[in-house]
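Everything on this sheet refers to the single structure shown next.
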Amino acid sequence: MTDSPQHHSQTAAIVECAQEVRATAPLVHCLTNSVVKEITANVLLAAGASPAMVEHPEEARVFAGIANGLLVNVGTISEEQTDAIRAAVATANAQGVPWVLDPVAVGGLPQRTELARELLDLKPTAIRGNATEVVALAGLGQGGRGVDSTESVESAREAAEALARRTGGVVAVSGERDLIASSGRVTRLTSGHSLMPLVIGTGCSLGAAVAAYLGAARSSGMSDHDAVVAAHAHLGAAGTVAGRSAEGPGSFHVRWLDALHALSPEEIAQVVELEDAA
Amino acid sequence: MTDSPQHHSQTAAIVECAQEVRATAPLVHCLTNSVVKEITANVLLAAGASPAMVEHPEEARVFAGIANGLLVNVGTISEEQTDAIRAAVATANAQGVPWVLDPVAVGGLPQRTELARELLDLKPTAIRGNATEVVALAGLGQGGRGVDSTESVESAREAAEALARRTGGVVAVSGERDLIASSGRVTRLTSGHSLMPLVIGTGCSLGAAVAAYLGAARSSGMSDHDAVVAAHAHLGAAGTVAGRSAEGPGSFHVRWLDALHALSPEEIAQVVELEDAA
Amino acid sequence: MTDSPQHHSQTAAIVECAQEVRATAPLVHCLTNSVVKEITANVLLAAGASPAMVEHPEEARVFAGIANGLLVNVGTISEEQTDAIRAAVATANAQGVPWVLDPVAVGGLPQRTELARELLDLKPTAIRGNATEVVALAGLGQGGRGVDSTESVESAREAAEALARRTGGVVAVSGERDLIASSGRVTRLTSGHSLMPLVIGTGCSLGAAVAAYLGAARSSGMSDHDAVVAAHAHLGAAGTVAGRSAEGPGSFHVRWLDALHALSPEEIAQVVELEDAA
């Protein structure tokens, strides 16, 4: 990191957001895929937040209004979970609870693609996906079919900006170098480790962390954009640290959770590399 | 621990129960929440028991009669799981299989609260929850709404005793210092570690371990109360040991499973602090 | 291992299959039980394959045709998952995608036993189970009720050969010493560690690895039998290596995932003991 005023400000925002998460332990309602529920809960706990997976449609309708943030991940939707998602998003929008859409594998599979199209119109506070998913999701809005090929993060920039304009929210494209776009602003963040994609749920957990950070940031008047950047910084910095001593994906997973808990807000900000363009 | 006869007797019961679990490998039918299935199964295996998550309602009806113990955790109930719970509890009660109710977040959410009220009338062999849940569950029986605030374990003593009278069973309130109540008897047990609540499922796994210990104790003529105490002692002692060398919640999880497997019955009894009041 | 030509050939097949998995990262569609989804995905990633748990029946119908292999594990079937299994198998058979049946606890429980009978008639490319399950599954074909008692791997040899004749596929009986049978050929493979059965999902993950290896082998013209042997060799060799330094089931799990990723194809072949009879 350089010492420009911009970096000082961005660093300060990461530190402040991470402090706020630990001080307030935001309650995150996770409607996520069935493969990653345990790691998602453990990541939220290690990062300082509180997870709750309330999945019955009638309970989800109530609980989304109690939570500080909501995660909607369409990775393993069932009929009942789709009902729960609709109920929870309706409550979140009615009560001003920030919510995150993770469009897992959207574009190629029918049910989740239809659902994602519907959810996009409900204007998620933030969208988090990989480059292929973000490009596919942006294509939906234009009546397209989505893209199956693997995209680079940078190639998804236009798609991310188009989605940000359409929803009025923040759009994050995760990869080796994350790209976070909102109206008139793009932040690039480099962190993590090559073992990270070999542990299932590291990306999906990031969606949950974004919901936690949004919840904490709103209660203290920080911007949604800063919250999304800080969530990426926290999980990515822990990945960088974990990778230093991991011997493979098993020990990486363990050390990542340890580092999520151990890293101070200042350490998080120091580990990552940032580039911010207004 | 002091050397009073009472402690000798309680220690002996813990040792005997833990030996019995390892000698008989009780089969535990787990109808539990979708976030903690893997850790619950791993805890049972490490502790010497056998897990089985049989969830289809028709299969659950059969399987509860084959199992040595049944766990019902309402943390992520769906319509289908609710049917499975009703079927399994009916079989357990008809065939004398001990069963445990874990009233996750009861009181605040509608479907699980209705279900818990119904299950309470079916007289679970044991109830295991945190202080807030036990107070909320006791309130249900009196037509109340349950309590959302965080309660201390000691403040839940009256609620635990009321539930024990109502069900004729054992009621455990888990926390830094566990409280286990049954007719005319209260045991307090101190063990565990501050990292334990940062690993999802350590409490839910305790419910499964209680079912395993109840199954083993019944086959050897020990009391249900002693079985519930011994289950808390085993998981808590492993937590204390794991905390000595853990570097965060990730490594705590790993070492806890190792310690569950490695600790001898005598070591379990030595690590925990007990106070028993008839 | 001895230096007979047979062993040289078998060793070469293991090396070639493991190389092919890492070179092609086969996409494995997993319809598996709800307890082991996370470990199954992590095993596939560590072994070099790509997991995808697509469970909505309509999506499963599409996705099975995109995948390189399909796993069907009946451990926690629901109504909706049963629909997804039927849809996915129909697609796999129509499009020549290899698929694996893991008959968890078949024989004793009604719904899964009926489903397994139906699936057997659809001729799975491979079947992987423990001795009791394979004997029970073979009994179904003869109108029998299945066997609940614990069988040794060797005692399941006749059942495995009968199933192989009936399906025209490969049948693997997993245990301390695995037995893999197909038309006119039986391979026995010794590997693993005594801690392996104390980690939930090590067997179920093997079913997924078999699907990955079948997918990779077919694309390079190797036999299905060699693919099934190589999958058992990879997971078993990693178990042997992990067991050398594990302190219990928690650390075994971590080191197993590390070893799955770290072992070279040559090391995999060196660690296991093979016996092949044409």
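Letters A, B and C name the chains as they come in the text, with residue numbers starting at 1 for each one.
To be clear about the criterion, a contact is a pair of C-beta atoms (placed from the backbone, for glycine too) under 8 Å apart; a residue touches a chain by one contact, two chains touch by 3 or more.
Remember, it's a predicted structure, so these values are computed and weren't measured experimentally.
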item	value
Overall pattern in which the protein chains touch one another (line/ring/star/complete/other)	complete
Angle of rotation relating chain B to chain C [CA atoms, steps of 5 degrees]	120
Mean-CA-position distance for chain C and chain A (Å)	34
Of all residues in chain B, the ones touching two or more other chains	34, 38, 253-254
In the complex with chain B, residue positions of chain A that touch it	34, 37-38, 41-42, 45-46, 51-56, 58-59, 62-63, 66, 80, 253-262
Touch list for chain C against partner chain B, complex	33-36, 38-39, 75-79, 105, 108-112, 197-201, 247-251, 253-254
